[in-house]
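The two complexes that follow have subunit A in common; it is paired with subunit B in the first and with subunit C in the second.
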Partner chain A sequence: MSPEWGALKMKTLKGIVFAIGLALLAATPAAAQERSARKQGFELATGSGKRILVFRPSVSVGSQSTGGMFEPNGDWTEKATTNIRVSLERLQSRLGNSVVAAPEAYGDDAQRLQEHMALFAAVSQAVIEYQFFRGNRLPTKKRDNKNDVFDWSLGTGVASLPGAQDADYGLFIYNRDAYGSTGRKILQVLALLGPGIAVKSGEHAGYAGLVDLKTGDLLWLNADGAMGGDVRDAGGSEKRVRQLLEEFPGADLKPAQ
Partner chain B sequence: MNWLLLAGALSALSAIPAAAQKAAVPPPYAGVYQPQGVDEIGWWRQDDEDERTLAASPLVIRDEKLTGYIRNVLCATVGTGRCASARVYVIREPVFNASMSPNGTLRVFSGLLLRMRNEAELGAVLGHEFGHFERRHSLNLFRTQRSGTDLLAWSGLLASMAPSYNVIRVYRDLQWSVYGHLFRYGRDQEREADALGVGYLNQSSLPPQAAAAMWQNLMAELEASAKARGLRKPNFKTVAFTASHPPEGERAATLAGLALPDGSGRDNRAAQYRAALAPWLPLLLEDQIKLNDFGGSDYLIQNLAADGWTADLWFARAELYRTRGNQRDFANAIQFYGNAISLSGALPAAYRGLGLALTKTGRLIEGQAALQKYLQLSPDASDAKMISMMVPGAMRNE
Partner chain C sequence: MNRINAGVMLLALLAMAFQAPLAHAHNLRKKGETVTVADSTLSVTPGRDWNRLSGKAGKNVETWTLDGGQLNDLTFFGGIVPGKPLVKERHKKKAPLPKFRKVTLLVELPELLEGTYRTYKNIGTFRLISTNPIKFLGQDGVTFTYEYTDQDQITRKGEATAAIVAGKLYMVSFDAPRLHYFERTIADVRALVATATL
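Take a look at the complex of A and B:
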């Protein structure tokens, strides 16, 4: 039998090999990578009073062990979830939009919602991989044959999701933070001072996407593999959400002074 | 120096669970458990999110009767107090697998249900998984992995400060021993879960001998699968350095030794198991056949037919032969479809397969008659239009 916490175990076993491989390597961010795109012709004027339905954000916060493994932290994740929600509401209200949390779904609705969450994750991964990364761009998404084309859709099925009837746009949020543990930070410093190896400490990745709830078209996507702002406190999470909403249509989210 | 470093490394890792050599008497049930400490609370939260996703996943077979039945087998195995901490999800995936995660999510894969022959065998697997859960193995493995990789990170740093040939060699040795230790730690957890699984069965009303019987049956299936491919039969004794579980041969022997001898007279409830799974058998067999494992699938079908062939089993065997698709297979398939039809007239898909197999062997007139019958019996089938193209005159009838 190849049973028990199978997924978990495989994940962590793979994680080990990967983490050790990474531990002593400098991770160079892909400088050529784009981070944000907006569907052609889509504008959202400030103060247009649109209703934005926020689907359950995927938030996980933890620390990074000395060897580079992810250590989930329940308390931090809890705090980050609340902080991100509060900051999101505040920032969107400054844009003149109202934010509604998607209602709890039951039965068939829950399954349809789950499928769309998975679909959004797959589509955004495809965007990040095949559109944002120039060298990897699909023929249909190339600049030279289609200028500024950002043409992705989840299909009209989104219109039937619970809560979609009363809102204009749907917002999906993914956020994953691994804060370097004390051991990891010491390793980072010593590796740099000693043999001069760059060790990466911490990982802060996130993406957010806006979907038209009538057509299912992806209107805007922003993905960032290295974000600032400490989601564990209110001020930091405001900075984080501001980064997540960078280049949000119609947005000029200067820090509130 | 080499040796010292290794010894230090291994003692830095947490202790290996004692590979219990006799069936553990299950510890007294502690009641509802809540996670403790940063690591466990963190993993449970992650696990809770995963379970939320799983609960709404299209892969889950949502049948209250089936899920309830599996739950009852779990309760009969581990006792009613313990089984309250598990939630059962049946996942449609034709592999021999089950898992129980830290927060009590019990995933049972449909391929497991096809391979179990009675409640006692199913209970043996569920008990094993429950053993992992009760001993909180995931958490301990995580901690062991973390200390192992921490150690490697520090020693990697030290090694790169003085990168001589010897130092690098020692570092590589250390790397291998840490990896080896982690895999062995995992296998020892499997042994502990095996012992606990039999421990539950010993105390239940089900025969604990089923645990060993189940492994022997799985080995026979693997052997049949290898034989059909013309491979040497699998070696059940090797311990690969990176194997995640102890070898099947060792497990069958150990489990047989752990079982309470006077438990062998108990009722393994094979009839009840067959009755509960009967409505699901066609689906389970269909998924199994699509795995393209001729030897293994044929072994399973023949095993299920040990106490009498049914229309479903003949049909599954016919499909297995027809989808392998050699000319000689069609000849066999025609015979098997015939057997299925003679046992039950209410199997439209048997006429479809029969018609296709007859057509392939050049018996067009009989084939078209069978396909015509299929269209009559299920005019709304998703492939009705395609099949009707093979039957002259059928298009006009629409």
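Take a look at the complex of A and C:
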């Protein structure tokens, strides 16, 4: 192999790496879209005397198979659940209002809470898909948007969740992380180099929402399908929880000096 | 050299083009305006504004929603011909869907929908709650209710109304989470189904 040929190959390789980088950069439309919204007219001042009930966050961590299927990982989920709970406990005192942890739920209560959490995730996904993503807005929601209306609800069933009677607002937190397997990452590169198709490797969805515990209306939402922070380690979880609670009404989450 | 770099750039641009979100156009279906649905002669007059989703699950299938398909899914099946499944099969061999047949009876339609959901939505639990005769499109039809738990762990309720006219299947189904969403809209859906004509 001549040195010229080697240099040529090296340059081509660099070019391909650059191309992949550029394409990956373009593959994050989330950056260009909204991530947070607040119901029109909703204000929550610091020290307002309102009580916020924090439900135990829903956390699931796993890997994404080559075919794109989610494969849960018990060990990662357990670590992430603990990490997120610790970070949340540290940060919730700075949410600006009285925060109480929801009591442990059992039996039917636990089942109802789990179903409301799943509904919260579905509503968050619908907000991302049909409201935050401007190009994909539903016509009826588009007209609402002209008046800056953010109108989504979990329904009045939230009033019967454990602890709801003694609080004004409920904080729902949902995380789902799927780390791309080696096979998936290889597929991502091959699909890009071959037919030029973008294959997503990994999924990092995080949603945090404040819900009116009387009406079920979503008052504030911070939701993104491409969150930062590796929830499997403590530092990453702290980053994730901060990102989830960014712009929380009435909060001051800036790192302490 | 330049040619190689140009090729690489072209590759990047092509890849970017593939990644650009597709331009969607969900259309408004206005209150009081009669419209035909699902590329068929089936027409309805909505009593409130709806959004028609741009995607199609099959040739004669159309979906409307208020807040997104995951929260309220009103689907019209406009004249499914014998030998065809309700929605387009994703994998003919790996995941074949049950077909509507010439010999399919009205009472067998819940089973057709159940079989379709089990494969298409990849769900494990599906419970038929009730089946009743009804007049639909001026014919003897069937209306049935059901409940199932989806991949996203949400239990959804559904209600479908169907009739077989001139050998083709016409059906309207409404699916929504049993928490809040189903009850909130089912009366509007029933009123809309009552306006259906061919």
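Throughout what follows, the second predicted complex is superposed on the first by the 162 of 257 C-alpha atoms of A that agree within 3 Å, B and C clash if a C-alpha of one lies under 4 Å from a C-alpha of the other, contacts with A are read in each partner's own complex, and residues count from 1 in each chain.
Criterion: a contact is a pair of C-beta atoms (placed from the backbone, for glycine too) under 8 Å apart; a residue touches a chain by one contact, two chains touch by 3 or more.
For clarity, every value in this text was computed on a predicted model and none was experimentally measured.
S.K.: Please indicate which partner A:D75 is in contact with in the superposed arrangement: first for subunit B, second for subunit C, both, or neither.
M.R.: Touch status of A:D75: first partner only.
S.K.: Given the touch rule stated above, what does A:G216 touch, subunit B (first), subunit C (second), both, or neither?
M.R.: second
S.K.: Answer with first, second, both or neither: which of subunit B and subunit C does A:A45 touch in the superposed model?
M.R.: A:A45 contacts neither subunit B nor subunit C.
S.K.: Is A:I197 touching the first partner subunit B, the second partner subunit C, both, or neither of them?
M.R.: Both partners, subunit B and subunit C.
S.K.: Looking at A:G67, would you say it contacts subunit B, subunit C, both, or neither? Reply first, second, both or neither.
M.R.: In the superposed model, A:G67 contacts subunit B only, not subunit C.
S.K.: Tell me the contact category for A:V189 with respect to subunit B and subunit C: first, second, both or neither.
M.R.: Neither partner.
S.K.: What is the contact status of A:G135 with respect to subunit B (first) and subunit C (second): first, second, both, or neither?
M.R.: After superposition on chain A, A:G135 lies in contact with subunit C alone.
S.K.: Please indicate which partner A:E115 is in contact with in the superposed arrangement: first for subunit B, second for subunit C, both, or neither.
M.R.: Both partners.
S.K.: Where on subunit A do the contacts from subunit B and from subunit C line up?
M.R.: Residues 8, 12, 15-16, 19-20, 23, 114-115, 197, which sit in both footprints.
S.K.: Residues of subunit A touching subunit B in their complex?
M.R.: Touching subunit B from subunit A are residues 1-9, 12-13, 15-16, 19-20, 23-24, 58, 60, 62, 65-69, 71-75, 77-78, 105, 110-111, 113-115, 117, 183, 187, 190-191, 194-195, 197.
S.K.: Applying the document's contact rule, which stretches of subunit C touch subunit A when the two form their complex?
M.R.: Contacts found on subunit C: 1, 4-5, 8-9, 11-12, 14-16, 18-21, 23-24, 26-28, 49-51, 65-68, 70-71, 152-155, 177, 179-181, 184.
S.K.: Provide the residue numbers of subunit B that touch subunit A in the complex, in ascending order.
M.R.: 35, 38-39, 41-47, 49, 53, 55-58, 96-102, 125, 128-129, 132, 137-138, 141-142, 145-146, 148-154, 156-157, 160-161, 163, 175, 179, 182, 186, 193, 218, 244-245
S.K.: Which part of subunit A faces subunit C closely enough to touch in the complex?
M.R.: It comes out as residues 8, 11-12, 15-16, 18-20, 22-23, 26-27, 29, 114-116, 118-119, 121-123, 125-126, 129-130, 133, 135-141, 152-157, 192-193, 196-198, 216.
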